[in-house]
Structure formats: C-alpha cells, structure tokens
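Mind having a look at this structure? Questions to follow.
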C-alpha cells in the first residue's frame, strides 16, 4: 500500500500495535468500520454483523445441544407432551433482540436479560409471542443462567472489553450437557470460561457445559454476511470514492471512523491504547 | 308439573335420588343437557359452559394472585424486566384449551398437561404463541404444579368423578400465595384440597395456596353464559317443540339425554346410581 | 431524619405543603422519583408503575364486569358464538399501550384513543392483532365510551391534573353494568365520576357504571411492582450512594428530580405550588 | 359427443332439464364435480372454488366500498386514528373461513356468524387475531348486518337453494354506501336483493347498499382458480382414465357424482327435480 | 380572498407559478400542509395520506391482477395448493410499511426494498409474519421487480422528484398481466412508464404490465382520508385560529409550512423554483 | 428370551427375515410399535418420532447450509436487507407440518407440497405466518425444489417404500451448496441420491447439494425423543402388563401391532414379505 491510500475495513487497531504502527509508517488513511457512528450512537457497520451473529446463535446453540456435540440431547422447541428447551439471552441489543426473535419463533422458552428496562419494553413490544424479560442484576443472571438449557451471551460494549457476567460458578449450577454460545468472545467473552474457537473446531466442554465460542460467527454464513455488510458500507464507500475521503468525512458518522491519517493517530482510544499522540481530525 | 310434560335442562340425576324419584313419580319426560352427545363423543350442551369456565379461570386465577385475595402479589403477564407468572393447566379438553388460549394471550408463561399427545399436538397447532405441552403423569404433574404460580384444574370426565390429580403434598411444594382454580369442583374437584365455594365467598387458603373453587363458575358472567347455552340448546328445543320429544329423540344425540320417561329410568348410569331398573328408550 | 440526609422516593410535594415544609425545615435533600426525566421526556421511575397499572387495568376491569361486582355479567373474550366485550382505552401512553396489549391478547375487542396520530401508528405497528385506533376528540370519545363495556382511563399528564375527558353524560349513554377503570385517579381522575378507592373496597357504582378507582393500583401486585421499580431505581440509588447526591445529580435526569436541598426549593413547580422561593439547583 | 363418452365437469343438472335430457338421449356418462363427496361430507371439487371465492370476497368488498363504486369511501383496515371497517360474514363454512382469515389479516373488524357453535370454535382456534363469532339467529343477523360496512354472504347449502337470511329490511338499516358481496348468488343468493351480475358489470346499488353479485366469482382470477380445481380433480380424472369410469366409481366419493349413465338418471336429486325415474348406480 | 387571510392547505407552490403569483399579489398568508415538519423530519400532515395510500395500494394492486382489469388472473393470497402472489414494495417509508403490513396480512408473499438497513430492521421487527427485506440497489431492484406479480412503488422524497427506479427494461422482464401501483405518480412517479390517471379510468397497460397510477389515491376512500387528515391538522388549525398565525408559527414545525406572507416568499424552495426573492420568515 | 414373552418395540419385521424367524422359533409374542393404529389411521407410536424428526430437520438443514458443512453459506432467516432462505418441504404429514411450523417460526421462506389439498388447507389454517402451499405434482415439485436453498423430504407412507419424488435431475437445477434433508431415508428415501448416514458423519455432497440423511434422526436428541415415545407407549405398556397382552389386544389399535404369536405370523404384510402363512390373530 502506498501513502495516502484509503483503507476502509474492520481494523481493531487498539488491539494491535503492530498494525497501527505499520499504517502510521506507510501514511495510510485508515478508516475503521467498527467506530463509524451515527448521532444516536448506532454503529451502522457493526449492526449487520450483530444481526447475523444474533440469529445464528440460536442455530449454533440448538446444534450444541445435540448428543453428538456433547449436549444433553434435547430439541429446543420440544414436541407435544415434552418440555421446550429454555434459552437465556444476556443482553438485549442488536445481537440479543435477533437471538430472541429467532429463538421465540423456533419455539423455545426464552428469557432475555438487559440492564435497560426501556429496551426490554421494546423487545416485548415487537417479539411476536410471549417472552420473559428480566432486569440484569446478579441474582437474576444467576437464576436465569442456572435454569437454562442454552445461554446466549450477547453483551457487546462498543470499544470496551465485555464484562464477565457468566461465571464458572453459574455454569456449575447448569445441568450437564447444557450449552453456551458466547457471541462476545471476540471482545473477551462474557463468560469466564469462554475462549475463542474456530469454525473447524467450534466447541469444547467445560464445567459440563458445551461452549460454542467461534470468534467470527458470521463467517459461517459468508453469503448472507457479505451482502449484509455490503448493504451498510456501500453508501460510505461511494462517498469516499466519489468525493475523496476528506470531503466524505465531513459526515460526522464517517469522521468517527477515521483512525490514522498521514502518520497521525486521529482516534483518541487508539492513541490512548498505545500511548501515542492524539491528533484530532479537524485540526489536520 | 304434570305427567308427560317435558323437562329439558341440566339434571345431574345420578347425584340426586330425590329429584329422580320425583320425576319418576310425576311421570315427567326428563331430558338432561349434560348427556346429549354427538357421535364423536362431543357433548354439545356442555361445551359452551366449558368454554366460559375455561376462559374465566384465568381471570379468576389472576385475581386470586392479588395481595388482597391472599395471593403472592404478582401480575401474570409480568412487566418489562420482571418475570411473567407461570400457569399450569391440567387437562387439555375444552376447558383447558380455552384457559390456555386466554392465558397465553394474557401474557402468562403457560404449561398444559394432558394424557393424550394428539390433543396436545392440536393445542400446539392452534395456540398463537409458544406454549409448553406436557404429558400427564405423576412426575410431570408434580413438577409442573410445584413450579406454578397458578394451577388451573381442567380435568372433566363426563359422567364420572374427577380424579384427584393434585394432592396436598403437591400444594406444599408450591410457594405461599400461589393460586389454584378448580374448574372441576362440581364433579368432586381435581385437587385433594378443593371444596365448593360460592360467588359471594369464592376463595379460601389451604396449604398456603389460594383456592378459587366456585361450583358454578359461568354464573359469574350470566350474560355471556346464557347466550352461549342458548346458542347450543335452541336447535334441540325447537325440534322438541315442533315435532314432539319422541320424534325429536330419533336423533341419537338427543336420545342420549333422555333420563326418565313415563316413570321409567331410560339412562343406564342413572339406573345404576340408584339401583333402579333400566328401561332402554327404544323399547318404550 | 437529620440534615443533609438524602430522601429518594415518590414525593408529590406539590400536593402536600406540610411535607414540603418539614423537608425544608429539616434541611433534607429530597429527590422525587416522579420527576426524574430523561432527555427525550421519558420518566424512567414512573414507567414501571405505568406498565403495572396498564396491565392490571384489564384484570381489574374484567372482574368489575362480573355480576357479583355489580357488572353486566359478560366475559371480555366472549366465547364461540357470543360477542366479545368492547374495551375503550383513553390514552396511548405507557399505561394505554400496556392495557391495549393485554386486552387484545385477552381476546377483547379493543379501541384505543389518543391525541397523537404518530403514537397510534406505533401502537398499530406493535400490537399483535387488529386493534381500532381513534383520534382523541369530543365526538370520538363520546362514541367510543358509549359503546364500550369497559372503559380504561389511561391519560396521565406528568405534573398536571388529568383532564376530565369522560363526563357523567358519557356514562349515562353506557349500558347498565358497564365498567370503568380510572388509572389516573391519583392525579384527579379522567372521569367526572371518579373518586379514589382502596384495595379493600375498590368499586362503587355511579350512573349504573361500576367504577374501579383504586389510587395505588400497583399495590395489588406488590411483588411484581417492587421488582419493577427496583429495576429502574437501582442504578440511580447506586450512583447517589457511591458518588454522593451532588455528583450524581450532574446527570440531568437525576437533577430534574431534586426538589429540596438545604432548606431551599429547587424545583420550580413545587415552589410555584406553595408560593415559595425557587432556588435553581445549579446555583446552590 | 358419442354414447358412453364420459363427461366429468360441473353439471348442475337439477337446474337444467334441457341439459339432462340431452345427456340422457346421447347416453353420455355424466359425472358432476359438485356432488363428488367424501365420507365426512366434504365436497372435494367444490372446496377449491369456495376457497377462491371466500378469499376474493374481501377484495371485491373492499373495492365496492370505494367512492367510485358508489361506496361510502372507507378503507377496510382504517389508518392510525380512524376506525377500521366492520365486516360481517354470514356462514363459517369454507367460504366464510377463508373470507374471515383474509379479512382479519387485511385489518378489518370482523364478525362471523354461523349456526354451528363447534364450527365457530374452530374458526376462533385458527384465525390469527381476535375475531367476533356469533350464533346465527334472527336477532344476531339483524344486529350484525345493520352495523356492518361490508356484509359477505357465505352460506352455501350443498344441493339446495340458499336461505334468504339477509332481507331488504336489514339493508335499510345499513348506512348508505355500505356493501354486500353475495358469494351464494349462483344458488339463489342469501340476500333478498341479490341478483346475478357479471365481471363486466359486477355491481349495482339497491337500498343504498352496493351489491357485488358476480355469479362466477372465481372467474376473476382464472389462473389461481384453474390450478386450484386441477389440483383437486386430477386424481379422479386419472382414475377414470386409467381404470375406466365404472371401476373408478367403486370409490363411493366418485360414485356420488355420477348423474347419468346409459340413458338412466343415477342421482336421486336430479331424478326428483325433473320427475324422472331414478336408477341407482349399483343396480346398473 | 382578501389580504392577510390565512390559507392552510396542500399548496405545491413550487409546481405552480400561477398560484404562487396570485397568493403574492393578494398578500395571502399561505401555509402548506406538505412542508409542516417536526424536528425529527416527520411531515405530520403528509403521514395520514401516506398511510391511506400505502394500505390502499394492496387493494388497488390486487384488483389490477384480476382478469377483467387485464391482469394475469391471480389471487394474491393464493389458495391451498396454489402459489401466493409475489408483491415487491419499493420503499419502506410510511407508504411502504403500510403496504407491507396489509400485504402480509392479506396473505401475499412480500418483499420490501429500501436504502436504509435500519429502517428495514424496524419493518422486520413489527410486521407480524415473515417478510423478505432487501437492500435497495440496482441488482436487487431488478431481481425483485422481475419476479413480482405486483410492484408497489412507494418511494417519496419530500420536496423532490421521485427517482425513476423501475425502468421499462425491468417491466419487460415481468410476466404479462403483472401489475404495478405507483403511489408516487403525483411527484413524477418512480416507474419510467408511469403517467397519472384518474379514479374514473385508473389503469392502462404498458409493456404488458397493468399500471394503476391514480394521482390522488386517497380520494378513493374520502371518508377515511378526511378523518385521517383532520386528525392531524386540527391541532394546528386551532392554534392558528386561537392565537393568530404569527404566534402559532413560533412552533418551528408550523413555521416550516409558511410559504407566502404579505407578498413575500418565505420558503426557500418555492423562491428557488420560480426565481423569486426569498424572505426568511423570522425577518418579516 | 423365553416362549410367550412379550416383545413390544419397533420391529420392522418385513425388512428382516432373520429376526422374524427367530421370533417365530422362540415363540415370542412380538408387538410392533410401527403398526399400532387408531381407527382414523393415526399411528400413535410413530407420531412422536415424526414430530421430533420434522422439527429437527430445520436445524439439520440450517446447519447444512453453513460453509463449513459445504453449504452455500446462507442464514435461513436472512437479516435486514438480505433475502431469507427458501425451504421446500415435500409432504405435509406430521413430519412436514412440524418442519413447516418450525421453519416459518425460524424466519425462512417456506413452501410446502402435498398431494392432499384438504391437508394443505389445515396447514394454512394453523401455521402462524404466511406459508406457500403447493399441490404435489411433477411440475410443482420440480419448480419448488429447483428454487429452494433447502429441501426437506418428509414423505412417509406407512408400511411402504417411499416414492423417489426428488430426482438427480432436480438436484442439478439447484444452486451449488444447497441442502437436502431426507427424513424418509429409513424407508428408502424420497430423493434419488439419498443414502443412509450416521450422526458421526451425517452429510455428504452429491450433485453439489449437501445431503443430510441420518437414518435415525431422533437419536440426535435422545432426551426429547425418549420422553416423547414414552408418553405415547406408556398406556399400551401398562395395559399389556396389567391385563396380559391378549386382553389388551382387544383394543383393535394394539391388535394391529401384533406381528408374531406362538410361532405364527399374525400380520398380513409380514407374512407376505417373507412368503409365510398368515394366521389372523382373532383365530388363534
């Protein structure tokens, strides 16, 4: 890559000093998908991957409950006369809402936990079928996790390490052969026992619970994921291509994604992560 | 009443020898709503009251959970961030299906138990929203009752005493302030602790559980009940009025309801109940 | 209570000069739940009680229609072949939306009235089942009330007296034994005939209409209500406890709840209500 | 056509002596779709056309309410803040159920009337959304028709003239510009004011009510109708072609459709309609 | 009309210089419904007409598919065993969402296309039944249009000419007898082949596709439309009447609608359209 | 096993002469689950496994579409702006209905094919969301298979080899990476390319299509399956245990399951399969 070339993709520079230094050295203009942000806080280039991961988590979890995967051998929707599986979703953001919609539609008995009662009210408004909403606190998480057949960890805090809400002690209270899908494993995971796995070897058992912790879940369905991401990024890419990145970055949403310009770090979190100087974009 | 006059109403003669003897002595033609029966076993003059009682049972149960009634003070549909109440319905006949539809619509977390898996499959087919169906057996009843906030007893066996499926031991496992509505109390009740109450004093607490055991539940909503019953009986009444009871009773459905004719008992169960002679209708 | 102690609860000081004076005299820091307010106008510590009251209102109304309560004896969801009850909900805020969701789920024939067509559009978007939405104006209210079996008054204007939208004349047009639940009775009530009642004696009949006007409806289900309220207030309480009230009140949402500090009235409405001086918080 | 040739189509011989005589004279084997009948009474070659007509009736009725058609100018689903249209469907057979499903989905406020409470219970079970079911009797029909914006007449009694359930008096109670779709107009119509119309001139106004009375409603959507009918008749046609009609008619369902064989009338209703001799098929 | 008189209605001055000049000459105060605008961009006096048109578009399209209208003769909801019709809706604003809700409820197989993935997510959240959402781009529009039986053009860009998203080439790929409803025909239409028609002669066929392009669709159902519009405008009208237009226009929403005052053009788009001077309202 | 001992399980004797001879030689009383049959044709001990397999088939198919399994990498429910996957289910019996309910709930675009329009009507009645039903014939199967991302083969003809409805030619028309789940593989499979696989190696690719053809699908979820089967068989087992098999077999449903008694073959199909004498049970 040559100087002043524009790199527009997922970057995660705060986690990789080597990559950051290389981009600085080569004087690349690096714009990170993951921090492009609308005025209301929405991350438009993260949302599509969250939708995919949330919907996929039910499928990954259902499969983890099969006996061949080490699971307890239950079918999430149950059948006539046999209990449905219980799914506990921690976090009611984009990932959690999408897991909830698919889980309820699939026929599971779903509980969703979040720290924001107003968000839980929206979930109740739109999910088509009864769902249990629960305030996120230590007691509720412990109870909802321990009675679940499947736990979906769907807590993602933009730009921060995921809090470890599900502990080893919680897992010991679950029945053997239960399952846990940690959608947040990329950002540290929200279960104490989570560690990243791959699509080739997606599961491991710890504390008797089958863990599905693939770091790049949307990679399981690249056809859907690519279209979803392209839908979201195309408008920004066209703006950059047609008007040049500097003009395009007059849109504050895109400006929030500019991490490195002409050898300077233009994003405070990246600067802070590596102890580098922070050069506000508007001053360059 | 004079001889040969036709009495067409609910009779329950097996339970009242005095009434039976009076009808015999006065040579009344007594036709009982509760045994009129179609070829497929449907009791068309019992169905409307079962629909009313089933739907009403959720309302009666929800109210029984209010603190003022001695209940634990929970709201069946919960609210955002707070658990929904758990309702266990025992029996998936007309009463149970109607309780289930209303309970799910109301927002409760409903489990329905029945001895017939095919009937449970139909319930799952038609109830609009996820519902847990469970085979009726001792273990399932114990578990489903003990974790319920509200138990609806909806087992009615035509012409027989209701089996005592819910025992005192089950109730002790429920949390204090839980509730039980016994729709079958008229026929003996399906809980060991059930005894008939009235609309004026509908509830009592036993083993910490609020019991709602009004014998004639549809009497709470006479407007709806009367229309429902009239809808069902009108066609039979017109046939009796227009063609005479004997001609009308060529319809085997109606014939099954004829209990007493010209001083003879024409229904085997009634005859057996009181040790009287049984005179088949077709021989009179 | 001693000076500088923080009181964080529902206060309603504008309605009680005695309480206001006591708090001023004792130099209490009094923060009122009911005026904590987010930037978009949401009252996060009022919402949970509104959800409870809205959902409960259907149950309270359904029971009021039973004959024993003086009602016309109809079952809201009807049964096969018999009309469903008609419910008119006035106001489509949190109370109204929750009443609407539960009412439609319960099987009633629901009409909801509001002054804001965009809010009605949201109600139509999310309520799962057909519902009639109606613009709030004199003609529509009159028609919708007069044809209702059950009227739910769900108009709450924060910090203001509820307008008397339902008049005695409207009630005279309703059929005898109809019912009215006035969720707004605490703030004056939105029916001309409403007067506060208690859980022990919740109903009275006026103009032939059964009134359920319990002032503190959520008190019927304290278990659910307490959890709901705790969910919402916990974060604020922790902030106050951990950082001190003054630091916590840098959050404008919480600041909007501070009514009395160090013998000064810091909320304009309270000051105005009692002719006291108003000392803006930011100047103290 | 030559003797012994098989004619397998809709025939309606009871209504046309000329056609019957021609078939007899030419010694045709005439098998009528409309009386092929399964053991449970289902008419498998009438059902598809009833589905089409029932679903189409909502579309025909909605259009009839447009101002250009003479209607009152309302939109059946209403909009936010404006009432939905009221639809009354008379008859809950195949036509009525299909009209009901589409009408409720379309967003109208639907009431369905039938003489059989058990059928109404099935309608309530399966229609996805609240619907009012009403027993068919003079009072209910009068009330439900008079308050409707759109009446769908969906009463079809196989092989008999449709009863005139909707009278001129009823129509006078409807508001001007209301509409009526008479799906039964082919069999005489179930409204006193119905007379057959064509797709080219489908509507007329009488008593202020827009009548849509096209005799062959499925002809509006021949693509869908042809596929639907072919689906149902293909198996019978193949049986006749492969095994010969006589062998195929060992299936009692098909035998019930044989009207004329070798110059004899083999269906009692046809024989009776024209005063001809009846020759039971099994004796030929 | 006399000077200083207030005219409050739909104006579309940018499209009519004659009208603009007349209003200027007569010194009318002209306030246009179509540019009254809330802070979040909502056009409160356009929304009601968009709801009506969106809902009506399914009805207009379904009718256009009837054979008598030149359509291919299919029924949108299909019947048992026969495909449902495919509907493609271009644009997921108010018009598109309302068309989608009604189309899905009606039983069609609906695809909705929009340029905003977050809006599509909302549509998926609230539409009750599976719906396909698709990003708006050339490939998707071509595919979705060519496989549709019915295309609803629902793209309306406030104050701008509608982009021609559906081309003649697209239409040639549709099957003969397909249909297209262009709700945007008033603003130029979003199909290359659209030209305005009237309620008296609403359809024409071009490229084998039945076009329904009535310019004033809500005029088909004036009863519903008038109520809907009145609901929205009444509050503004009352403010103008009670407080005078100048005082009322302190509400920036209403101010955005003021086009002509005292012989001056106070709306920039109108001024620009006719090359007139623009006099900001706040300076008058 | 000793003579006269009762063996009550799945037997499939027609497929295994060795087993049949052994049972005959040892004079076992062998009662086969798979032919116990109610009067209406229902196989009560097959239904539970069909429910499990039908529901599981969506999960197995969704996983087969993941890239790691060789699939095209799509997510069945799609996401906002990206198409849903298309599922074609062949057969609308217990397996097909259950696959359909779960598939629609999961968010897929589902088409279900069957030979019986009345069964398809029931499916439409009860599935909660729009579903395309299609008559089973060569043209429809070809079209529905070729446009599907996932084909579920759900045709099971009791006691007969499954017809090969899906041919190699059909598969070649599907896109590469599509998937096929053959629930009928145990009985020969309904795709030409199906061959039995195991839970350890469940998939193979042929003609570019990922095949999931596990012979004993319910074995994936043994917990759910065992409960489901036990629910259904318990009543029969108790009857046999309490009353002896001969007395229990007075129930014609159970009698239909008796295959071998005292060295005689008592089931005609088994006798015919192996050229053995058939001894009707009622003569023994």
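So that you can tell them apart, the chains are marked A, B, C, D, E and F in the order they are listed, and the count of residues begins at 1 in each.
Please note the rule applied: contacts are C-beta pairs under 8 Å (C-beta built on N, C-alpha and C of every residue); 3 or more make two chains touch, one makes a residue touch a chain.
Source: prediction; values computed, not measured.
Here the chain-to-chain distance from chain B to chain E, counted in touching steps, is 2. Shared contact partners of chain D and chain E, listed by label, are C, F. When the CA atoms of chain A are superposed on chain E, the rotation angle comes to 120 degrees, reported as a multiple of 5. The interface at B-C recurs elsewhere; of A-E, D-E or E-F, the pair that shares more than half of its residue-numbered contact pairs is D-E. Chain pairs A-B and A-C differ in how many C-beta pairs they share in contact, with the greater number at A-B. Counting the residue numbers that touch the partner chain, chain E and chain F have more than half of them in common. Taking each chain's centre as the mean of its C-alpha atoms, chain C lies 51 Å from chain D.
Between chain C and chain E, the centres computed from C-alpha atoms are 37 Å apart.
Distance between chain centres (mean CA atoms), chain A to chain F: 38 Å. Each of residues 48, 51, 78, 80-83, 101, 104, 107, 117-118, 121, 126, 128, 135, 227-228, 231 in chain E touches at least two other chains.
Applying the touch definition to all chain combinations yields A-B, A-C, A-E, A-F, B-C, B-D, B-F, C-D, C-E, D-E, D-F, E-F. Listed in rising order, the residues of chain A touching chain C in the complex are 115, 117-118, 121, 125-126, 128, 135, 137.
Residue ranges of chain E in contact with chain D, taken from their complex: 48, 51-52, 55-56, 59, 62-63, 65-68, 72-83, 98, 101-102, 104-107, 199-200, 219-225, 227-228, 231.
Listed in rising order, the residues of chain A touching chain B in the complex are 78, 80-84, 104, 107-109, 114, 117-118, 120-121, 123-124, 128-130, 132-135.
Chain B contributes residues 42, 44, 47-48, 51, 97, 101, 126, 128, 227-228, 230-232, 234-235 to its touches with chain D in the complex.
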